[in-house]
Each structure stands twice: as C-alpha cells, then as structure tokens.
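Here come two complexes built around chain A, the first alongside chain B, the second alongside chain C.
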Partner chain A sequence: MTLTIDGHAVTVPKGTLIVEAAKLIGVEIPVFCYHHKLDPVGACRLCLVELSPGPPRAQTACTTPVAEGMTVRVTSPMAVKSRADILEFELTNHPLDCPVCDKGGECPLQDFTYRHGYPVSRVQEPRLHFAKPLPISDRIALDRERCVLCYRCTRYYDEVAWEQELTTNQRGVQSYIATQFDQPLQSVFSGNIIDLCPVGALTSRVWRFQSRPWDMDHTASVCSRCAVGCNVNLWERRGELMRVTARENVEIDDGWICDRGRFEYTHVNSPERLAQPRVQRRPAAWEEALSRIAAAIKGRGPRLGLSIPADITNEEAFLLARLLNGPLRGARVVMPGRTSLPGPPANQLAIKDLDGCRTIVVVAADVRADAPIVNLRVKKAVAKSGARLLTVNPELIDFDRHPGVEHVAYEPGHAAAAVRKLFDHPLLQEGPVGILYGDSAGAEDGAAIATAVAWLAKEIGAKVMPLYRATNERGVLALGILNGDSLDGCEYVFTWGQALAGGVPKGVRFLACWDDFARPYHDRAQVVIPAVTFAEDQGSYTNLEGRVQFLVPPLQPKPPLRQGWEVLQDLGLALGLGSDYLGIFQVQRDAAAAYPALAALAVPPAPAPPPAPVAMGAARP
Partner chain B sequence: MSARPPKRRRTPSLGKELVGLAKGLGTTFGEMLKPVITVAYPEDKTPRSERYRGRHYLRRYENGLERCIGCELCAAACPVGCILVVAAENTEQNRVSPGERYAKVYEINMLRCIFCGYCEEACPVQAIVLGPEYELSDTSRDKFIYTKEMLLEPDPIQLRAEDGS
Partner chain C sequence: MTLSDHTLKEIRELPPKYPHIRSAVMPALDLVQEELGMLTQEAMTQVAQALQVDPGYVEGVATFYSLFHLEPVGKHHLYVCNNLSCQLRGAEELLTHIKESIGVSEYGQVSADGLFSVEPVECLGACEYAPMLRADHRFHYDLTPAKIDTLLKEWRGDREGKKARKEAHPRAGSH
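Our next item is the complex of A and B:
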C-alpha cells in the first residue's frame, strides 16, 4: 500500500502500522507505549498525527494501520501541538531529576521533550510524590514518580514473559506500577523491563550510578552465559565492564536477554581476580608456569584428566584438540555443566523457525533454565503465531501455565519411551513440527532421548533442536574432544575454569589450575595460571543451533593476563608442538579448514548495516 | 627573483640625528610622567573582577553535606574533557550529599583546564564554582590533578567547631 507521510511517499505491506511506515523513511513519530515487539495499546497518546481522509482530529499512529492513498501529516500545526500538549501532560508530575537519573542521556522523555515539546514548563503546582527508589528485586529499582504509565513493562510481562509479577495499581493519575503483592520480582527475564522502560522509572541496581551513557563505549558481542548466544552490547568505561544490554538479532534473541546474561558480569571487574601465574604458590613467569605444566602432563595418556570451561571458545577448543591429537593423546576431557546430549542432529531447527512451527514439542527440558531466550521464542510462537505446544516432562513446566498447552507426563528416567509413544499424537499430525529436547537437567540419558527424537522426527518429518546447556557445548562436540563425565582415577589433572561439582579427585599427583578466581582446591595445585573472562577474550562460540558468532572483547587483558588462545598456543610450544600462530586469524583459518562445523570462522564479518534514513527530524511547536 | 634596486647611501646629517634623539627622549620622559600601570608582582597584585574564573571549588551546604550529586554534567559540558566524576549511591550509613547520588571521585586536571567556566554553568546544584585564585604553579604534572579532597571547601560545621575551641 502506498501512502504519503509529510510529502514522502512510502509503500508498505497491508497491516503495517503508521509508526513503522514512518520509521522506514526516517520520519520521527515519538512513542512511549508503542514497542515493535509488543502489541499496540495506544496508552500514551504521544504518537498523535493528522490523517486524511479522516475526521479533523489527531489520531494515534501506533494503533492505526496504513491504508491505500492515506495522507499522514506529522508536522501539521494540529499534530505538532497535540504532541507537545501530551508531553506537557507527561511532565506535570515528572520529578525532573535527570541529573541523578540513570536514564539521563539515553532517555526518550528527555529527547522527545527536547525535540517535540514546549521549551518552557508552565507547571507551578505541587507534583505527585512517591517513596523512591523502590527496590522491586535485588537487581531492579522502581521510581514511580518518573513513570509515564506506558505499560510497556506490564505488557512485556504478560505478552512476552508470561509471568504474573508486575501490575498497575490505582487509577488515572494516581496509577502506579507495583509488583504482585509487593513481592520481589522472581522472573529470569525481569531485566528486559529496564531496556523497555522509556524513562528512568525502572533502572538497574547493578549498574546504579556507575556511569553515564555518554562516557561508555559499547561493543557488539555475544552473551557467554548459555548456548543460545544472544547478541549483546558490552559497555566499557575506564577499563571496566559497566553493563550488558540486549542487541536485537531477530534470528536469535528477538531483542531480549535473560537476567543471567544481563547481570552476571560484575566478576569481570573484581579486584580479587587472579592476575599472576603461580608455581608452588609463588609468583612466576608464564614460561615457567607453562613449562612446569607441560612437563607434568606430557604423554600421560589416560592418566591425564582435563576439565574445560563451558564458555571455551571455538578457537581455544581447536588449539586444545591439536594438543589432544598430539602430546596429550588419550587424556580424559570433561566439561562441567554440559548436558549428556550427543553431537548435532541432522535436521536442525533454527531458533527463528520456531515462529513458523504449527506444533512445538518440548521434551525433557525446562527451557527456561537451560536456554532462557528460546523459552521466550516458544512463547512468542504460541502467543503471536498460534503455534500449539506439547510439553513432555515428568512435571509441569512454566509453559503449562498457558491454557492451550498440552502436557504429557512420564515416569522419570523413561523420557525416550515417552517420545516414541508420541508417534500418533493428534498434535503431531500437522506440520511443520519442531521438537526441542534436553536431558532433564541430567536426570535422563541424553543419548537415548536424542535417538528417540531423531526417530520420531524422521517418522513425522519434524525438525529438532537439542538444548545444550554449556555455552559452547555444540562447538566442542563438533570437535569431538569430550570423552568422559568425571576425572576419577586421573593422576594428573589440569582444570580450566571451575572444576566438576565433585571437586578435584583425591590422590592426584599433579594439579594445575587455570582460572579467573581463587578456589579452595587451588591450595593443592602445583601451578595456577590466571584466565581471562568473556569481556577480554577473543574468539567465537557455536550456539545451540550451530551458528558461529564472534566475541568482541571491550577490555584488554591486563598484563600479565593473556588471552586463552595465546596461552594454549604457548602450552603447545612447551609440549613440543612446532607450529606457531602469530594471531587469532591464523587459528581461525586453520580451524575453519579442519572442521566443517567451524567453516564460518574463515568468513569475514558482515559489514555494518547502513544507518537508518532520516527524512525529517524533530517537529517542535 | 627580480634584481633589487641598488641601495642608496644615506648622507648623515647632525640636525636630523638630534631631532630623532629628542623625539625618543621625549617619549621616554613623557612615559615617566604618566601614571604607572605595571605592578610589582608578586608583592603587589592587580585587582580582579568579581567574576574572575580561577581555581575551582566544590561547595557544601550549611550543614556540611556536599552539594555535588555526581551527575557528571560538568564533565559532559567541559570542552577539553578534564573532569572525571565517578558517582556512587548515598546510604543512611554513609550520607555524603542530600538525595540519592554523590560523587565518589571528582578530579580536575588543572593543566588541561581552560577556565572557561562551562562546568559551573552546567552544574544543576551550583556545586562546582570557579574561585578567584589563579596562582596555581606546582612542581610536577601529577600535582595538577586536583582531587575531590583538594577541591572541596572546608566543612562549615568543622570550621565552626574549631572557631569555638
């Protein structure tokens, strides 16, 4: 459909809202309550424009779909005045404490007032006051005075997260946002309301007052906390990681991240992090530490046990695989925190394809715990594209709160049999079907489930998605280096990252640890070397659908800290491996050539998208 | 290059020289009779305008609380970027300023400062002000990073207590 917006013609599909059409050509229509991932409600009236044909009054651009031949006037005197008046209303009770507000500097209320509002305030009357700041969880603070009652936060909770934790109390100008029964928020998706809130009413308590938006640099990276691989921005100030925010990638995270990804970063700045290699508890040079390790672990065969971190990068795994095919051949390798699922399936379901599924089956997995953002994607498919959901779990999971969801229970330990019985389930008779499966937090045999799911998928023509738990589990599985669940019986142990839950086995003759923090069992270690975190490491992860994404570190490792691949490279030299990589690109090229699953490592990153067009900026009265 | 015209030799003339000398001396003695405009700095100093922009101070309220709320607007306004503010949250146990927020770190690099006064203008609570002091020499570059302790004006309550004793 073709319409004109302030004289600019634009053609968009039927059903597009006027705000979205205006965005395409860069005409700014200010919005508070409208958000492109939430259903429109028309609560704030900030998006008023004049439409013709139509009655001679301002109408909301966020709730009106386009029509053929429509003329939208954003800058007509009536539209401009309406919006300025709405902004004046918004500000009658606003505390105007921008100087101490964490939203200041990236606040739509500031920006829109500046660009669309009246230059001076006429408000002399006393303003409405609330107690503030109110902690609504230990990570989020609520300031009710600043709230513009756009209901983005409560709508997000209802529509996207399907949790009943946030609500509005009272009516009219007295309305305020509150948690249910004043209980703290519990949801693992709570942090997104910080990004959503168009004012400083919902702010992060973890980042509270630490910096201003303008004194940080941000880097487009990926989350390292689980295998979903949500895209994030990492914000740096003065050599410290300040905060993590979502970076919309419609193919993976759809603009959301979970609270693990958003709030679990403060360890990066901890002064307690290990910084110095130590041999027998005294500071040592890297060369000495690595040659001690090399001498102790070389050629030990199965007597050597290695534990690797969940967030090992593909590059590090590749360098490790080289060692395991050479001087460390036969060693036992474990990855704490991973599932028992086997390597990638043949008919992989991509996260974005969940949107198009007619039926989604979730087998033996609490998706919210294992792959949080996939959980939201499933909810979106059910709520917005009418997918039917079947959960196969011993107990009810969070999806089952939705009335339309079917649940199949099974005796714990018999998930694979339950999957085979689904064959003639009525919901599975109509495609496309997507099957998500886990190992029930370790309670089920992942290999058996995978076989059963593969069989079922073949029979009914479904696509499947294994829900790996560890960040780069899939990448490591593709390299085929994992071969055990415990290090018991190993005499020489090298732990990288946190050790297995059971700790380091008793009676080891040699223990070396590579870690970012001191742990109790380090006391027994002959050599301890410091590790970098996701904010300093270069490399890539393979997410649970097999997509390779790059970590872009916002921080430099503080010497003598060194990046993971450099340490492994030098360990290789100390073990007598000849080749010497001068940079991580060489590692990536070799890894891409050696393993088809890592072929994406050799593909140069896509160029940045062109900036959005700007046909018309602010419209001040 | 074009050739220069040959220099003409000037013929000295006593009369002309004397006139020149008299003119010069006239200027000299004339200046001696005019009022003096230089001062014997540093013993004597010229008066400064009321609004002179010299060394900064961070002000306090009457009750001793710091005015600065750590908003970083001064740092944002500063054209040379010589202010560093790191804010923190007031608690009941540690109340530094009224309200929610205070400046944990406040530093000005006086060597970079151009004394434009934009910081003073930007400050929403009149915390940072430029004072009359301009003699800011020191012996090392490091000493020109003025910290919050150096910039804060004395605590009026403490002052009064000391006066009383």
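Our next item is the complex of A and C:
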C-alpha cells in the first residue's frame, strides 16, 4: 500500500501501522504506550496525526493501519497542537526531577517534550504525590510520580512473560503501577520493564545513581550467562562496567534479556578480584607461574584433571584442544554446570524457527531456568502465531499455567521412554513440529533423551533444539575435549573458573587454579593465576542453536591481567608447544580451518551499526 | 478471612459462562464480597487460584471498582448519593446526620457496634426520588433525617422501627 507521510511517499504491506510506516522514512511520531513488541493499545494518545481521508480530529498513528492513498500529516498545525496538548497533560503530574532521575539523557519524555511540547508549563495546581522511590524488588525501583501510565510494563508482563506480578491498581488519574499485593517481583524476566519504561518510573537499583547515559560508552556484545546468547550492550565508564542492557536481535532474543544477563555483572568491578599470579601464595610473574604449572601437569595422562568454565570462549577451547592433543594428552576434562546432552543434533531448530512451529514439545526441561529467553520465544509462538504446546516433564512447569497447554507426566528417570511414546500423540500429527529437550537439571540421562528425541524427530519430521545450560557448552562439545563429570582420582588438578560442586578431589598432589575470585580451596593450590571476565575477554561463544557470536569487551584487562587466549598460548609455550599467535584473529583463522563447527570464526564480527540518526521530528507548536 | 467451600465451588462454575476466563473475575469477586463483606488478600488469592489467573490481576480489578471493598465495612454499608439532584435536596446534611448517628468521623469508618459504615457515591439513577441511598441491595427514597433514624433503628433490630417504616414509606422499592 502506498501512502504519503508529510509529503514523502512510502509503500508498506497491508496491515502496517502508521507509526511503523513513518519509521521507515525517518519521520518521528512520538509514542509512549506503543512498542513494536507489544500489542497496540492506544492508551497515551501521544502519537496523534492528521489523516485524510479521515475524521476532522487527530488520530492515533499507533493503532491505525495504513490505507491505500492515505495522506498522513505529522506536522500539520492540528497534529502538532494535539500532541503538544497531550504532552502538557502528561506533565501535569510529572515531578520534573530530571536532575536526579536515572532516565535523564535517554528519556523519551524529555526528548519528546523538547521536540514536540510547549516550551513552558501553565500548570500551577498541586501534583499527585506518591512515596518514592519504591523498591519493587532487590533490583528495580518504582517511582509512581514519574509514571505516564503507558502500561508497557504491565502489558509486557501479561503478553510476553505470561505473569501478572505487576498490575495497575485504582483507575483514572489515581491509577498507579503496583506489584501483586506489594510483594517483591520474582520473575527472572523482570528487568526488561526497565528498558521498556519510557520515563524514569522503573529504574535499575543496581545501576542507580552510578553514571549518566552520556558519560558511558557501550559495545555491542553477547551475554555470557547461558547458552541462549542474547545480544546485549555493555556500558563502560572509566574502566568499569556500568550496566548491561538488551540489544535487539530478532533471530535470538527478540529484544529481551533475562535478569541473570542484565544484573549479574557487578563482580566485574569488584576490588576483591584476583589481579596477580601467585606461586605458593606469594606474588609471582606470569612466566614463573605458568612454568610451574607446565612442569607439574605435562605428560601426566589421565592423572591430570582439568575443569573449564561454562563461559570458555571458542578460541580458548581451541587453544586448549591443541594442548590436549599434545603435551596434555589423555587428561580428564570436565565443565561444571553443563548438561549431560551430547553434541549437536542433525536437524537443528533455530530459535527464530519457533515462531513458525505448529506444535512445540518441551521435554525434560524447565526452559525458564535452563534457557530463559527461549522460554519467552515459546510463549510468543503460542500467543502470537497460535502454536500448540506440549510439555513432557515429571512436574508441571511454568508453561502449564496457560490454558490449552498439554502436559504429559512421566516417572522421573524415564524421560526417554516417554519421548518414544509421543509417536502417535495427536498434537504431533501436524507440522512443523519443534522439540526442545534438556536433561531435567541433571536428573535424566541426556544421551538417552537425545537418542529418543532424534528417533522421534526422524519419524515425524521434526526439528530439535538441545537446551544446553553452560554458555559455550555447544562450542566445546564440537571440539570433543570433554570426557568426564568428575575429577575424582586425578592427582594433578588444574581448575579454571569455579571448580566442581564437590570441590577439589582428595589425594591431589598438585593444584593450580585460574579464577577471577579467591575461593576457599585456593589455599591448597601451589599456583593461582587471575582470570578475566566477559567484560574484558575477546573471543566468541557458540549458542545452543549453533550460532557463533563474538564478545566485544568494553574493558581492557588491567595489567597484569591477561586475556584467556594469551595465557593459554603462553602455557603452550611453557609446555614446549611452538605457537606465535600475535592476535586473536590468527587464533580464529586457525580454529576456523581446523573445525567445521567453528568456520564462522573466520568471518570477523560485524562492525557495530552507527547510531540511529534522530528522525525528522515535528517542530514545536 | 478465607472463603467457604460453597462459594469456591460457585466461583469454579463461572468460567464456562464467559468468553474469556478473566471475565469471570468480577462476578467471582461479587460472590466473595457477598460472603465476607469485603475482599481480603487471602480471598483474592483463592479466587485467582480457582480461576487460574494471577492474584495480581484480581487485585487490579478489585482496586479499579470502588464498589469492591478492600477494607472492612459495616454489616449495612450505606451508599448515599451525593450527585446533583440529591445534593440539591440535602444529601450533604443526610451524610452528616448519618455519620453522627452511627458515631463515625470518617467515610468508610465502621461504627463501634460493627453494624454501619457510610460512603458518598455518584448518581445511582434514582434522581426523581432524591435524596436517596442504597443499602443491602435496596434503594431508599425521599430521605429525611427522620427517615434515616427509622432505618437505622430497624437495622439495629428494633421491631418498632420496621413497623414504623412500612407505614411511612409504602413506596420503598427494591432494585
């Protein structure tokens, strides 16, 4: 359909809303309640424009679909005045405490008032007051005075997260946002309301008063907390990681991140972090520390045990694999926190493919815990494209609260048999079918489930998605270096990251630890070396659908801290392995050539897109 | 305060009558208020469980409507119309009179004997009989302080009051 917006012609598909059409040609129509991931409601009236043909009043651009030959005027006197009037209403109860508001600098209410509002306020009347700020969880504060009642937060909870911890109480001008019976928010998806709120009504308590939007830089990176691989922005100021926000990638996260990804970052700036290699508890140079380790672990075969971190990068895993194929051959390698699922399946279901599934089956997994943002994508498929959902779990999981979701229970330990029985389940007779499977947090035999799921998928023509738990579990599985669950019986142990839940095995003759924080068992270590975090490390992760994504660290490792790949290269040298990588790009090139699963490493990460230009806005009245 | 099994059963029978399960929340809350006189947090949670919605949603609905009571009210809660017609015919004086008679200083406060509370409301659609009030699902018309006294007497269990009212107000209707 072709229409004109302020004289610019634009052609868009039928059903497109006027706001979206305007975005395409860079015309700004201000919005509060409208959000492209939520259903339109038309609650705030800020998006008023003049339409012809149309009624002689301004209409909401966020609820009106385009029509052939329509003329939209964003800058006509009627439209400009209507929006300015709405903004004046929005500000009647607004406290205007921008100087102490964390939203200041990235606040649509500020920006729109500046670009579309009246320059001065006529309001003399007293404003509504509420107690503020109100903590609504450990991590989020609510300021009801600043709220413009756009209902983005409550609609998000309802439509996207399928929870109603957050609601609107009272009505009319007295309405305010409240948590269920004033209880703290519990959801692992709560933090997205901070990004959604168009004003400073919902702010992060973790970031509160730490910095301003304009004094930070950010990099377009990837979350390191689980195997979903949500895209994030990492915000830095003066060498510290200030906050983490969502960065929309429709193929993976659809613009959401979970609270683990959003709030678990403060350790990066902790003064308690290890900074210095130590040998026998005294500070030492890297060369000494690494040669001590090399001398102790070289050629020990299966008597050497290695534990590697969940968020090891592909590059680090590649360098480690070289050591394991050489001087460390035969060593036992474990990855605490991973599932027991085997390597990648044949017919992988991509996260974005969930949108098109007719039926989704979830086997032996609480998706909300294992792969949080995949949980939201499943909900989207059910709510927006009418997918049918079948959960196969011993207990009910969060999906099952939704009417229409079918549940198949099985005796714990018999997941694989339950999967085979699904063969003639009525819901699976019509495709496309997507099967998500886990190992019930370690309670089931992942290999048996994977085999059963592969069989079922082949029989009914389904695609499958293993729900790995560890961030780069899939990348490491592709290299084939993992060969155990426990280091028991190993005499020489090198822990990297948090060791196994059971701690360091008994009877260890040599212990070296590579870690970002001191842990009790470090006391027994001959050598301790400091590790970088996701905010300093270069490299990439393979997410649970097999997609390789690059970390873009906003921080430099503070000397003597060194990046993971550098340490591994030097450890290789100390072990007598020739190696002369000058930069991580050379590691990536070799890794891509050696392992087909890492071929994507040869393609350098795309440069960050330039900041979006400020759209053509309507002039002030 | 929690709900009786009987009310819960009635609530569970509501959803099929509505296109969406959420539509059953209002009639369910009506049933709760009928039984308990007010909506307690426990009862709202019970409603939420019975209808398989979140308690937060029930709370949002309950706070939206001023006819749902979230605080205790008297056994007889008096909704006294205070809109234009009733106002012109002395609603304000009636309200003051009622407050004094039942011994409360604030709207919504419950009298010491637990029998009464009073609240001004907007037009109840009976302007032709102004001033008027609604209590226990009945409308009472053409009120004067004297008629209020009779009503209160009756509600206090005074048989004389009842008789007196029947004679004085043959018109009192039920809506």
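Everything that follows uses one rule, which is that the second predicted complex is superposed on the first by the 610 of 621 C-alpha atoms of A that agree within 3 Å, B and C clash if a C-alpha of one lies under 4 Å from a C-alpha of the other, contacts with A are read in each partner's own complex, and residues count from 1 in each chain.
Operating definition for what follows: contacts are C-beta pairs under 8 Å (C-beta built on N, C-alpha and C of every residue); 3 or more make two chains touch, one makes a residue touch a chain.
Fair warning: this is a prediction, and the values are worked out from it, not measured in the lab.
Novice: What does the overlay on chain A give for chain B and chain C, a clash or a fit?
Specialist: fit
Novice: For A:506, select first, second, both or neither according to whether it touches chain B, chain C, the two together, or no partner.
Specialist: neither
Novice: Once chain A of both complexes is superposed, is A:164 in touch with chain B (first), chain C (second), both, or neither?
Specialist: Only chain C; A:164 stays clear of chain B.
Novice: Taking the superposition on A as described, I'd like to know which of chain B and chain C A:282 touches: first, second, both or neither.
Specialist: Neither chain B nor chain C is touched by A:282.
Novice: After the superposition on A, what does A:215 contact: first (chain B), second (chain C), both or neither?
Specialist: The answer is first: A:215 touches chain B but not chain C.
Novice: How many degrees, to the nearest 10, separate the directions from chain A's C-alpha centre towards those of chain B and chain C?
Specialist: 90
Novice: Just checking: does A:133 make contact with chain B only, chain C only, both, or neither of them? Give me first, second, both or neither.
Specialist: A:133 sits against chain B, while chain C stays out of touch.
Novice: Determine the nearest approach in Å between the Cα atoms of chain B and those of chain C after overlaying the two structures.
Specialist: 29
Novice: For chain A, which residues are in contact with chain B within the complex?
Specialist: Touch residues, chain A against chain B: 97, 99-100, 104, 133, 208-212, 214-215.
Novice: Which of the residues in chain A end up touching chain C in this complex?
Specialist: Listed in rising order, the residues are 163-171, 178-181, 401, 403.
Novice: Going by the contact rule at the top, pick out the chain C residues touching chain A in the complex.
Specialist: Those in contact with chain A are residues 21, 41, 44-45, 52-57, 59-60, 63-65.
Novice: Within the complex, which stretch of chain B touches chain A?
Specialist: It comes out as residues 69-73, 75-76, 86-89, 99-101, 124-125.
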